[in-house]
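To keep things simple, chains are lettered A, B, C and D as they appear, and every chain counts its residues starting from 1.
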């Protein structure tokens, strides 16, 4: 099954570009959800089998990343009836370009890293770095609060991809804890977005720069 | 036994959450904090036959540094919670259900964080701490506080995500090094020399950035002035004293692993650089700072820098750093709570509006002044001892440039902070800021006085037990190479 | 026994001779001006007459006004007992007496200036101001000169520094001593309010220094001032003489003769200078005093080679 | 641990000192609990202060009597801390002013700063007055770096609260703030210094460092830090920036304490550090000597330009500290070239000047205080003719003026004489390296003396002589006894040391013991190098001669004199406003040193016909503070303000910083 790993990771990378390139927030949420499901099932394709523990983990990941969190976000959007455009700081093309450059650099850079032989030829590390990079791009180049939550999720996805390398070393409890934290985090963020839109009648971060020097 | 200090506050939190009365709830928080303190006292005063207490297969463990932080946290929470009833009584219009419950939850998560002896579990606890503290910042329910909460949460979460990546790097360093490890800190330290150096290095950078974000090291500190500025003084104390100390403990544990690996010089240089950078940024922003609560936030950044320098220098400075963590936390208690009182009395936290606090709220203003003198390292207060220990240790270890810069930055900080503090406390209150009825009251002043007394005590007399625990903790964290 | 006699002579000379110096100067000036001039002993007559007169005291003044002249006089007398006259040591001589001498003169100046200020008059204020200003420049020159002779003789008392020990150095360090002599001569002119620094005979109070300070003093007080001033002049003249001729023969009488001739010579020299030069503009006075400092300083630096 | 070095008890010298310090330290506390409207708290406080100071002085006397160095070492539970105190000759010497001036100041304060008149700040003032005294007493006996620093900063901070006694006055806040910053800089320098010493010796104990135990570089660094750190506190120019403002604005008995004693703690610290270090090179001695000379000249030159009586006095502190440092520099040179006579004279002169300055500067500040109390102004040019209204105050001020100018027969002369002697002695030596600075030092000291005399002629004359220049000056009343008695005691001390200088030789020898060492001590004591007996005799002779001549004059004048108005050179309609003002008096000197000031003048435009009322103003400001320090600080703050652009509230930017920093650290090698 390991031969499926790299194609799936390429798909995840493509979803990164999707997240950067689409203009409607709902679409971005869907892209991130798709990536969540994709990443959730990745452990199944790793070297060696995974036990019952692994299946549980896959189920939780897919459930939270693919359905729970997107549902939360969509709910928050409905609640606050925000305008559904992404409203970027710089244009979509430029974002995509930056994302592409970052992904390319991640691939080149990952070659120089001292990886264990069994990981040297996979795309895990480049995909992880590229996704983290994309997450950062979303965080810094998008104005809407909800887009930043999505950026954060992408960042977290990147970390998750790297986690595949260390899966056997990471205890189940921790994995679940991480996911729970993530979920709670997004939950709280959702609540705050709700309050933001109520107080500011917009979730654009431009309004949220009262506190400054 | 180790579950008790985590679950008792949680139970109290639940009790507070389901209590109807706005007046009773704060007292439940006090009771919860008192119970927590009692348990912690029991844990610290009667150690189990010399060995560290542990539970959950070693995942929870009360080691020497943990004892220091835990003891300190319980004092901090106890004092802060005793301030809560007096403070909340002045805010009867606000529903304090979430506030009181979250203080207790925060107490539980920080305890959990301190007890976590597993790299991954510690991360989970840290994130939980972030989440528990976010609603506290939002207590005032206005635009400014929501903005602060949002920034706190998002920047903190991004940072902590990087820390997770760092933790994964660390486990990968073990895999690459070909060693089996349980990710318990002791195990990691034991096999540290076999870990893959490049991954270890990257892991250190990422965890430092991650937990450094929670600690508030520059340039990850940007949430701090906003959050501390908008949160009630009580929350500021808990964040600046409690949460940062937890993050600091995380860095202490990780740096020990990395130092034990091949990268002692690397760790030292990066920590000293980060420390000095934080101090410099804090100093620059403190000069002519008009908002005295934001100023306190920068002071917190500065002191996190001092802690980083202490850890970076290592050896004897570790002792100083641990002591400074306590001193800083307690002094921040004095500063944030008294600043909160002054803020209340004037309805403003800008020196454009606030002056002559010594005349309006004499006790709070005097305590604010004392806190300023203490935090800037003036004898005979606690931070003096710890800062001097760190400087002397830096010189002993040949870090003359770092030691010199440290002192120069302390001077700049003093000027910056002093200008603001004195503008607040001295002079005459402005005519257009008539008294609004807030006066120093026993319930809002007594906890600050206790904080100040503790700060003074630690400058004049360090109890034998604390001293020996500090030595033990420093020895446990130090890496003899 | 010999020492007692010498000291008695010394005391007698320094108490009696000084006004004569003023007489000599005036006579020399008169000679150059082609006048007969007042008698040589005229200063004595003046002082005695003043002591017999009554005085008018300003209503503005206090006891400080009256304290000035006695203190100026007594300090001058004390200093005159510290400086060596003829070959042997001065009546009072100990290590560091040079500093006492300088500071005693300072004390006299301090109270003279205060007494002037006590009158509340602008003129006397101006005089006092100038007096203390120029003293600030004269003082370092004086001390640099002292350092030169101290360095040469290895002695820290005036009697030692200007004793026979110094004579041997005129051959080896003559240039230094000559520079100091010139420097000190300038200091002496300044300290004693002689031309080119000050003209005691001018009638423009605005341009005077010392004389304008004592405008309000009259009678015995003025007498004391004049007498004290002449002693001060004598002291400086004596120092110059000892600097130039620091010799001691076995015969005291010869020593005294040399000293007397020297003193008169200095007085004559001052008279010549007063006749030959005009008073400097006030703004140029500091330049001359700084020059004196530099001369003495060079004298010292030459020794450091 | 906890062992006394000597079989001693409560009456051991060091215990007495500590008890005295504790008593005086608590003297302000009863006031806190008594009514702000009544005098009882202040009276009790004054009694406690006097008692404490007397106890402390008794300890010093007991030390001198027994001659045994006494010490107490007790554990102090902070890291590397130890409650180590010791009373040796140097400490005892400095303890004298530490206890003397607060004693007199507390009595003076009974009238000068009456609780019933100063309800708002009287209690605060007395609390910190006591605390700073106790801190200083502890400071000079401390033998542990941490204890020293704790006492040091306690003193510095309480002095800050003393300076800002009247904190509703913006001027006081400004002056206090500059003081506080300087004090903190100084403390930080000492942090570094003690840190380096700790790195060298392995502990914070203040023990002598053997010459083999320290590298020259380390020695130089420690020495430089001591020079700057202690120099800041002592007010050594150009580190004097805080001094004039703080001394001018503080209540006068506080100014006396600060100028008389607190500055001396900087001197003490420097001497003590130099005692601990092995001999430094001649160059360092020359640097200290030069610093002293510069400070002396700068101080007095600035003093001349002042219009404010207390600022004038404050600048004279800069001058006198300079003289003290000249003595220390001389001693350092002497020590490094093995001329122990110069060590005895230089250090002896410096130490005696410490006493003398404490005495006469306190005297001057106290008498300035009663002047200000009588007239409610510090402007010299608004005063005049006060000697008639306040004869005793005026006489005290005059005595202080003569003493500070180093005029015989007063005490200032003795200490300057010792330094002169040392300078001349070294300049007669062979070595060019020590000869040149010494000779230049002697000339500088002479200039300083003459300038000081000029300045005090101006000050005393403008304030006390002539006629009153303003309304305030003409309604003055003499100070009450509680204020006069301390002043008179100080005057007596000026005369005592001046007329019987032999009496100070023994304490001075004790104080210089540590520097000289027993082996060399046998070569000579102070009296072997300085003819203090002769000087004393000469001073008495002067006294006698002047009295005789004076009596003669008074006898003559009393019989014959008549009174009239001052001779106006023909002009008969003179008014008090036409008197020569202090500014005019100083103007030739200010002109000479014009480059050292920043002079601001406002000249009136006088129209040729029908001139209107016009006024002329001139003001000299401090080149270091107003010309360098403040502009540099302002510029730095301006530069810093650009950093704020990085924090404009955009969370995207904040996250971007994290990214950048992450990349930088990952690229770190």
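In the analysis below, a residue touches a chain if its C-beta (ideal position, glycine included) is under 8 Å from a C-beta of that chain, and two chains touch if they have at least 3 such contacts.
The shown structure was predicted, so the numbers you read here are calculated from the model rather than taken from an experiment.
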Pair joined by the larger number of C-beta contacts - A-B, B-D: B-D
Most distant chain from chain D by Cα centroid: A
Length of the line joining the C-alpha centres of chain A and chain C, rounded to whole Å: 98
Whole-Å gap separating chain A and chain B, where each centre is the average of the chain's CA atoms: 30
Whole-Å gap between the CA centroids of chain B and chain D: 43
Rounded Å distance between chain C and chain D, as computed from the means of their C-alpha atoms: 35
Touching two or more other chains - residues of chain C: none
Sequence positions of chain B contacting 2 or more other chains: 150-151, 154, 158, 225, 285
Interface hub residues of chain A, defined as touching at least two other chains: 139, 148, 208-211, 213
Chain-chain contacts as defined at top: A-B, A-D, B-D, C-D
Touch list for chain B against partner chain D, complex: 150-151, 154-155, 158-159, 162, 202, 205-206, 208-209, 213, 219-220, 222-223, 225, 266, 269-270, 281, 284-285, 287-288, 319-320, 323, 356, 358, 373, 376-380, 384-385, 387-389, 391-392, 394-396, 403-404, 407, 410-411, 414-415, 418-419, 422, 426-428, 459-464, 467
Touching residues on chain A, where the partner in the complex is chain D: 89, 136, 139-143, 148, 205, 208-213
Chain B contact footprint on chain A (complex, rising order): 113-116, 132, 139, 145, 148-149, 152, 155-156, 158-159, 162-163, 165-166, 168-171, 173-174, 177-178, 180-181, 184-185, 188-189, 192, 195-196, 199-200, 208-211, 213
Contacting residues of chain B [partner chain A, same complex]: 118, 120-121, 123-124, 127-128, 130-131, 134-135, 138, 142-144, 146-151, 153-154, 157-158, 161, 164-165, 168-169, 171-172, 174-176, 181, 183, 196, 198-199, 225-226, 229-230, 285
Of chain D, residues touching chain C in the complex: 384-385, 387-388, 391, 398, 402, 405-408, 413, 416-417, 420-421, 424-425, 427-428, 432, 435-436, 439, 442-447, 449-451, 453-454, 456-458, 460-462, 465-467, 530-531, 534-535, 538, 541-542, 545-546, 548-550, 552-554, 556-557, 560-569, 574, 576, 578-580, 584-589, 592
